[in-house]
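Next up, some structures in structure tokens.
There are two complexes below, and they share subunit A, which is joined by subunit B in the first and by subunit C in the second.
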Partner chain A sequence: MYNIDIDVLLVAWPELIKGIKITFFISFISSIAAFLIGLVVVYSRTMGGDFSKTFFTAFVEFIRNTPLLIQLYIVYKALPEFGIHLHPIACGIIALSIYTGAYISEVLRSGVNSITGEQYQAARGLGLNRLQTFRLIIFPQAIRIVIPPLGSQFINLVKNSSLVSFIAVTDVFYVIYKGAVDDFRFFEFFITGALIYMLLTGFIALISNSFERHYHALGRCS
Partner chain B sequence: MIRLENVTAYYKNLCVLQDITVNIAKGSIVALIGPSGCGKSTFLKCINGLVPVRSGRIFIEDTEITSKNTDLNRIRSEVGIVFQQFNLFPHLTVKKNITLAPVKVKGMKLEEAEDLAVSLLKKVDLLDKIDKYPEQLSGGQAQRVAIVRSLAMQPKVMLFDEPTSALDPQMTQEVLDTIKSLAKEGMTMVVVTHEMSFAYEVADRIIYMDKGRIKEGIEN
Partner chain C sequence: MHWEDVLNNLGFLMKGLGVTLQLAVLSIAGSLVLGTVLGVIRYVKIPPFSPLAAMYIEFVRSIPLILFIVFIHFGFLPFILGTSASFFVSACVALIIFTSAYVAEIVRGGLNSIEKGHIDAAVSLGLTGFQRLAYIILPLAFARMMPALVSQFIALIKDTSLASTIGLIELTRSGEIIYERTYHEFEVLAFIALIYFMICFSLSKLSKKIEIKI
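So, the complex of A and B:
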């Protein structure tokens, strides 16, 4: 019979808190950056000229079809070869933001594509320029439709952030892993780790649901 | 007021307008009639720059809108267009639908735009709908709001693309009455319509289109 040892967790608790803070920080900054990247990409792909359409399509395909871990290592190990030295946390944020941004742009694009061309023509017909049309007419309608899949992208981001432990960031996954192997207490640490990630992502699910309910209550989008 | 000189327009390889030359006088009302797919909607969209022309020139008053140097957004704000499907913005209230473009495009003050919205809505007898969303309106009400939305830009020209074909007869009458009252105020208008009686009653001139060409224009 396996004896669950809570003490090892209590001993590791201060380290765990530090790890949680780092994971939270990385996820928070990356979420914002990823959303902004997603916005720029979806605008360029749906409203931009031929060149930016091609460029950003290639960009999204490249990012989506290569492992995040390789992208992390490119930023962490390959950039220094070109004289660009960044803190590992910054490397993690950059890679995660770009990776998630590409996915977010796809989610947003499916929303934008579901808004009819007539809305676009009506807006342009009134004299709004492209950016205004996107910002005031297309995007507000599109975002309402894609809140649930958008929420999943942010949840994926938090979970994917555990990969930064590969590039020497002492995030919560790193602390858990280290605790587990140092103390030979796999069950305690990994279950605790799972619970911690569930807490962080649960927070996002709550936000996403409340947005959904907010727009549902408005309910003015056909 | 509106002058088209040898205008040709394409969608990819499909020739939709062929060598169109028309002159529409200020204050006149032109009804545009023709079979489905002959290019009527495209004709209107060319006039406010929503569809680019392949060759030829289009003038609104003395401004050539087909010239590279023309600010199309400004032209569009001077040429109102109303579509068959209303195309109100579903996420905005009636008031916001109306005030958005005057504020964002013309830089009008919000209070001023709201006053304008109120007075225009009063005219079409829809003031009670000002805080409603488009889905809460009937088809005829939605189309009248769409007309008001265009009028709020204080355009020099109004283009109507089959404004009543999505409506049942009673609502059709409401919308036609609104257009008629605009005609009385001297607005220059081009109306694509299947309502022949309306065309004969209101239009100064009826233009027939077929396969991207103008067949004939009848002085009414």
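So, the complex of A and C:
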């Protein structure tokens, strides 16, 4: 029978904390960057001209239909071929932000598409320009509808951040994997890793739920 | 640019693509079966099993896939089998366990979306519980679930690239083997990305076409 050994976890604890910090840092920065990328993409696709619509549609389709691992490798391993050398953590943040940004833009777009044409006409009638229409009329209504799927995109981001360990970042997955292989203690480290990721994703789910309830209470959720 | 790296090793890359497709097809089939069973168990609410299925689904969905792949390959399968499992089997098992949780949620959503009128009609025809599920509710639900299922399976095809991390020589790993020798990473990675793109993009277009037909 398998004997659970807690000591290996206690020994690895300082490393685990360091790993959690790196995972949290990467996830946090990437979340903000991904949201901004999603905003820019959805603005360009709804309000922009024909060229930017085509360009960003192609961008989103390409990012969404290729594996994140390949995108990470392209940023980390292929960019040096063109003389661009970045820190592994920066590579991870760039790839994760772009990947999640494409997904977030689709989520936001589904919200924007649910806003009826009258809203645009009313905004035009008030003399608002395109940016004002989007910022003041369309976006505030759209974001309320898409809070739950937006939350799950951020949860996906945290889970996907584990892949940065394959481009030489010592994030929490790397520490767990290394601990499991070095000590040959798979069950302990698997359970620990599972719990850490459950806590991180659960935290985001809580935030997303409270946002949802807040906007629901305002009565503007359709 | 050194595209000859790709051209010279095209056969090797295609072999890798074959493994990727095999892995994808087997995992899709497996996760569809397991996911449907789990989804139905959650839908029909059998006391001990439904909460267990719910726990399984929530557990799996909050953990990264890579954790499953690595630990199933190096930890669980060797422990259960007593000997190390092949890369392919480990990756397949991990992908099925991971994706089935997502499929189960899609199935449950599809089942819950069926209007009560259909179920009442089936009851009035004298169908048993199992017959109602198998002949009326599930087929109706599957038609509605198609778009969500296809996008889940596209995610699975992209996720097969993670099998390269335990050493399975599928498309991504065969590309790695080439550029570890030639040091022309960009060309090989761009080509691989294009192959994944063509597979996934055509699948999503196909699903849109089916959706319009339904």
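One rule holds for everything that comes next: the second predicted complex is superposed on the first by the 220 of 222 C-alpha atoms of A that agree within 3 Å, B and C clash if a C-alpha of one lies under 4 Å from a C-alpha of the other, contacts with A are read in each partner's own complex, and residues count from 1 in each chain.
One rule holds for everything that comes next: a contact is a pair of C-beta atoms (placed from the backbone, for glycine too) under 8 Å apart; a residue touches a chain by one contact, two chains touch by 3 or more.
No experiment lies behind these values; they were computed from the predicted model shown.
Peer 1: Contacts for A:124 in the overlay, against subunit B (first) and subunit C (second): which applies, first, second, both or neither?
Peer 2: first
Peer 1: Does subunit C touch more residues of subunit A than subunit B does, or is it the other way round?
Peer 2: Higher number of touched subunit A residues: C.
Peer 1: Please indicate which partner A:141 is in contact with in the superposed arrangement: first for subunit B, second for subunit C, both, or neither.
Peer 2: So A:141 only meets subunit B here.
Peer 1: Quick one: classify A:190 as touching subunit B (first), subunit C (second), both or neither.
Peer 2: Second partner only, subunit C.
Peer 1: Does the superposition put A:201 against subunit B (first), subunit C (second), both, or neither?
Peer 2: Touch partner of A:201: subunit C, not subunit B.
Peer 1: For subunit A, which residues count as touching subunit C in their complex?
Peer 2: Those residues of subunit A that touch subunit C are 2, 61-62, 64-71, 73-74, 77-82, 155, 159-160, 162-163, 165-166, 173, 176-177, 180-181, 186-187, 189-190, 193-194, 197-198, 201-202.
Peer 1: Which bits of subunit C are touching subunit A when the two form their complex?
Peer 2: For subunit C paired with subunit A, touching residues are 59, 62-67, 70-71, 74-76, 79, 154, 158-159, 161-162, 164-165, 172, 179, 184-186, 189-190, 192-193, 196-197, 200-201, 204.
Peer 1: Can you list the residues on subunit B that touch subunit A in the complex?
Peer 2: That would be residues 45, 48, 50, 73-74, 76-77, 80-81, 83, 85, 87-91, 100-101, 104-106, 133-135, 149-150, 153 of subunit B.
Peer 1: In the complex, go through subunit A and note every residue touching subunit B.
Peer 2: Going by the criterion above, the answer is residues 118-119, 121-129, 132, 136-137, 140-141, 144, 220-222.
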